[in-house]
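Shown below is the structure under consideration.
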Amino acid sequence: MRIGLLTGGGDCPGLNAVIRAVVRRAEMEHGDTIVGFRDGWKGMAEGDIVDLSVDSTRGLVTRGGTVLGTARYHPDEHSDATAMVFESFKRNRLDAVICVGGDGTLAAAGKLSDVGLPMIGVPKTIDNDVFGTDVSVGFDTAVAIAADALDRVQTTGESHNRIMVVEVMGRHNGWIALSAGIAAGAEAILIPEVPFDVDELAKQLVHRHRRARSSVVVVAEGASPVAGSLAWSPPRGKFGSIVAGAVGELVRAELEQRTGFDARLTVLGHVQRGGTPTPTDRILGSRFGVAAVDAVRDGEAGVMVALQSEQVVRVPIAEISGRRKQVPPDLVDVARSLTV
Amino acid sequence: MRIGLLTGGGDCPGLNAVIRAVVRRAEMEHGDTIVGFRDGWKGMAEGDIVDLSVDSTRGLVTRGGTVLGTARYHPDEHSDATAMVFESFKRNRLDAVICVGGDGTLAAAGKLSDVGLPMIGVPKTIDNDVFGTDVSVGFDTAVAIAADALDRVQTTGESHNRIMVVEVMGRHNGWIALSAGIAAGAEAILIPEVPFDVDELAKQLVHRHRRARSSVVVVAEGASPVAGSLAWSPPRGKFGSIVAGAVGELVRAELEQRTGFDARLTVLGHVQRGGTPTPTDRILGSRFGVAAVDAVRDGEAGVMVALQSEQVVRVPIAEISGRRKQVPPDLVDVARSLTV
Amino acid sequence: MRIGLLTGGGDCPGLNAVIRAVVRRAEMEHGDTIVGFRDGWKGMAEGDIVDLSVDSTRGLVTRGGTVLGTARYHPDEHSDATAMVFESFKRNRLDAVICVGGDGTLAAAGKLSDVGLPMIGVPKTIDNDVFGTDVSVGFDTAVAIAADALDRVQTTGESHNRIMVVEVMGRHNGWIALSAGIAAGAEAILIPEVPFDVDELAKQLVHRHRRARSSVVVVAEGASPVAGSLAWSPPRGKFGSIVAGAVGELVRAELEQRTGFDARLTVLGHVQRGGTPTPTDRILGSRFGVAAVDAVRDGEAGVMVALQSEQVVRVPIAEISGRRKQVPPDLVDVARSLTV
Amino acid sequence: MRIGLLTGGGDCPGLNAVIRAVVRRAEMEHGDTIVGFRDGWKGMAEGDIVDLSVDSTRGLVTRGGTVLGTARYHPDEHSDATAMVFESFKRNRLDAVICVGGDGTLAAAGKLSDVGLPMIGVPKTIDNDVFGTDVSVGFDTAVAIAADALDRVQTTGESHNRIMVVEVMGRHNGWIALSAGIAAGAEAILIPEVPFDVDELAKQLVHRHRRARSSVVVVAEGASPVAGSLAWSPPRGKFGSIVAGAVGELVRAELEQRTGFDARLTVLGHVQRGGTPTPTDRILGSRFGVAAVDAVRDGEAGVMVALQSEQVVRVPIAEISGRRKQVPPDLVDVARSLTV
């Protein structure tokens, strides 16, 4: 068989583990050939091919990012792109394509499967919001990096009597903020799912600082104040999304003013999606890579491999498309209970 | 309410996160008092109490081990111990006891619940074999430590043209060996579930070393050769279990002899259960601690909190006692596919 | 003897190792008493005392920050502060004070020694610019954190075909930028000592990107363009120093415009001075703490303990005050040779 | 120019950083060619050449081990080897050879220089005993790994009321043991330089355990008991050196018997020399690599590059050959002061 492989959307740790597992499973187990496309759909559309073999993917399991490259490019946003993807599929005599991506990439894969191109999805996103799987590739590492940064600012806050505000990724949900905040024992965690009341938070921090010297406040990029409480019109970037650092700075400034404590902001940014993946992400990526090849061999199409209760299963993309995995209510409750 | 708390069995990273979460949930949410017992059942039997409060447990989430101490002590192995535990329960006017432990501790908790002492279990074990939960506290960190060690010996093997044999924990199962081995891209993984054929392995390594300079072979403590293939009578310690390092040395010596390559052994030992827990274990411990208090408040007894598909649930201890969670077949298959 | 102890200036990893070593050496070796002052000179002036003993400092060696607290406060910037420090010295019946700090704190200690208060200095600063010592407490950890962040953004740059600009600390020198940049194999390192030519850099990156997919550009906070090359008036904060992130954003925007590549900025900020110190910083802090007590016992005053060729020595503060340790020319040359 | 390059002796982290820096400096700065020999002197004698170029050494700075391979092989231990090295030098039309190694490799380089083959040495050894340099490549990482392991066993000791004995490398000196032990706050550090008195140590630990629950005892491989105190004849391996783990087990058993506490042994072994180097080792390796090429270009021969007070200098190999750098007395004193 000839199987295409691409990684789409934002990069994250663990993608190379998927790539290596796909190649080894296909080549060594079945004698199949993997055709890698550079930079996601773009490379498939344009016929930009990366040579992949057991030899060329050796040692990749511990390496961050994706040797295939990736791009935020969706076939249906480019006229002719779908036709070009079809054409590429035929020209490369493919039997199926394995697409590693977040909801955007997976949705595109689902549509292409519907019109006759067999696609198998592998969920990856540091935001952890792909529906139908307990966890996606990249999330565990992102949480580990964010928690490590929180551990670091904690000691500097304590030395200087400060409120340390740290903005982490999460435009639409609080998965990273909640997880890293709980892991680091943060004093407050502000997430998109629960609008924050800065007056109330300031009061709690003032109360806390009677006996403690510092507080760590984790803010997801998409957190927002309780309606009407603050006159805030967040600055937005070219794609309409809130500018990184904006909500962090809002929280910092408002807390500093209300509490009278020195408050400092750190915006974690790109470090959250880079570097050596945690063993957990390497294992997950390896299992998903093997399972994706098996799904192709079984003649599946339009399904995503997923982890459910530590078992790797297959889920129809149609069932998960357009849905986002919510943070479990118990996690929000745990965060509330373990913060100020 | 007055709630007892103890940690039993071998220590592991994440126990302190459980302790801190139990105390904060109980004290801050409900005004309950937590009575800590030192060194597991032993301390409960003997009335050895550790003061626990929100203040005394501050900062514990990132700290390895257990401030309560722990011991391998089972009430039913000591005459009068059960009576003493009963007596202790009454004397301390407890409403319930939260027991954090592996299968031994949980089984004891189940029996005590059956005879009228309300017990809530929290699963922890680096071996990951507690039934009924996707994962137990401590496992993620143990895998991370083992994978890190494998990464390290890999570069030294490559520099010196060697086979690096690393023995990791796992007397009864291959959870750590499989996980760490896959994460580190090891060349062979020997686990108790699949007897190893040292002749076959030696052949594969000889074949591999025609183009590579080194191999990493992960061996679980409880791995054993195919019946009849090697005249091996493993040395056993005072509790009848195989002496640490024994099977690792067997594999090392047999491979060295058969392949002619220099083969070196590293026995990871105690480092696998110590030190700062991974964020994943800190989060799991925190969720379980909160959930255990909630179970007490709901009047539950004889149940264990568990993670199933990223949800925290309650499982009757009676259902999981005496059963061991097996490694999923796909993981064994993935390991096979990604090794030589 | 009764010996005062304070930590001044910005916090950094390794201060607690100094504190622990001072206390143990004084108390266990000589039966001396250590009187800790909170938040540097401020606490000494105001008589804000922290209890320090072998017991209260147990376990501190691995902990970041300073349990004494610290503040950017200099006696000669506050009327009466010097008198209050004198008064505090007498009131606490001190024989000497050990001051852990950067050039500001050490200069103040020198002046006080000149007027009769015996002071012993211990050099600490993540900027590594204290003269007279090979290295100061905190620098090794800051470099390790910055290098780790560079490693992380490198993989994300490679996945996305980007220039990753990372701003690290260093208002007056390039110690952190050079060290972390060399350690991570960065493609360009911009430091205050060498004005950068953005046109030239853009050309080099365009050349590089013909065969590579990404570049990491490290920028020290105090780097500035070649005079006249860019109309740039850096935004300044309340103390007159350049606002964090300003030069990083300048470099990012100018490179993006000139190269046509996507360029992204990460500002490391506070994470660089927090968290668990590297073993190297823990050892250095321990040696300095012991040596400082020995200097007091030997009747020294107005000296700083220092590391010179792996030996701990004493250097008169008068000799180092007002001087800044420059980056060695070979390091600048090495950086040039190993970048684009 | 054509310059040979080899790495000899045991591998360690940072060798690849040296290799990359040598290649870049030579090729990009001077247009020189680097001829790499595989497995140290052996490869040079046998003409086993590894292709080295800026492209083939890309990304090496963060990778442990040596892509050249290394072996414990000395020309003067093999008849004809010196003649073969000469022949290889001529056949490859070399102007000089850069030899990265410990005292053995450096001594051989010195002898060859004496007889007319220009050799430049680069000091590397995790044992840190090369004379004439403040520090050698690999030592900082080895200490970091050992300290991390000590941190880990510390929490498990505390949870279980145990003495944790950890054997680290150091057959001839206590550099690693002292450094890692101080960094981790160990309770006792046994080194070859100071024979240990197990009766005295047992007494101190018994005293300590009245208020503490555990102790960490670091033992260098070459530590030995006070003469006459223990009837101990250490088991020796094929090269006459003490078998790894032997002294650790002696200390463990004797302490367990004398104190009555549970005592456990961990032998760190090979993990100490593998894996990603610390930033400090990557910087040192990079500086040494650049400096070695510069020394060749300057027509030097028979010198070693070295670090002295943060400056890279050149030292005649004749001056350092046969001498071993001792641990500084203050370090032994600091260790004594910070342990039980």
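The first chain written gets the first letter, and so on, giving A, B, C and D; residue counts start at 1 in each chain.
Please note the rule applied: contacts are C-beta pairs under 8 Å (C-beta built on N, C-alpha and C of every residue); 3 or more make two chains touch, one makes a residue touch a chain.
Model, not experiment: these values are computed from the prediction.
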*Starting at chain A, what is the smallest number of hops through touching chains needed to reach chain D?*
2
*Going by the contact rule set out at the top, which chains touch both chain B and chain D?*
none
_From the centre of chain B, which other chain's Cα mean sits the farthest off?_
C
*Whole-Å gap between the CA centroids of chain B and chain C*: 41
*Return the distance between the CA-based centres of chain A and chain C, expressed in whole Å.*
34
_Need the CA-centroid distance for the pair chain A / chain B, whole Å please._
29
_chain D residues counted as touching two or more neighbouring chains_ = 148, 151
*Which chains touch, pair by pair?*
A-B, A-C, B-D, C-D
*Which residues of chain C touch chain D in their complex?*
20-21, 24-25, 28-29, 59, 61-62, 134-135, 140, 143-144, 147-148, 151, 179-180, 182-185, 278-280, 282-283, 286-287, 290-291, 308-312, 328, 330-331, 333-334, 337-338
_In the complex with chain A, residue positions of chain C that touch it_ = 7, 10-11, 13, 15, 39, 63-66, 69-71, 145, 148-149, 151-156, 158-161, 164, 213, 264-267, 269-271, 273-276
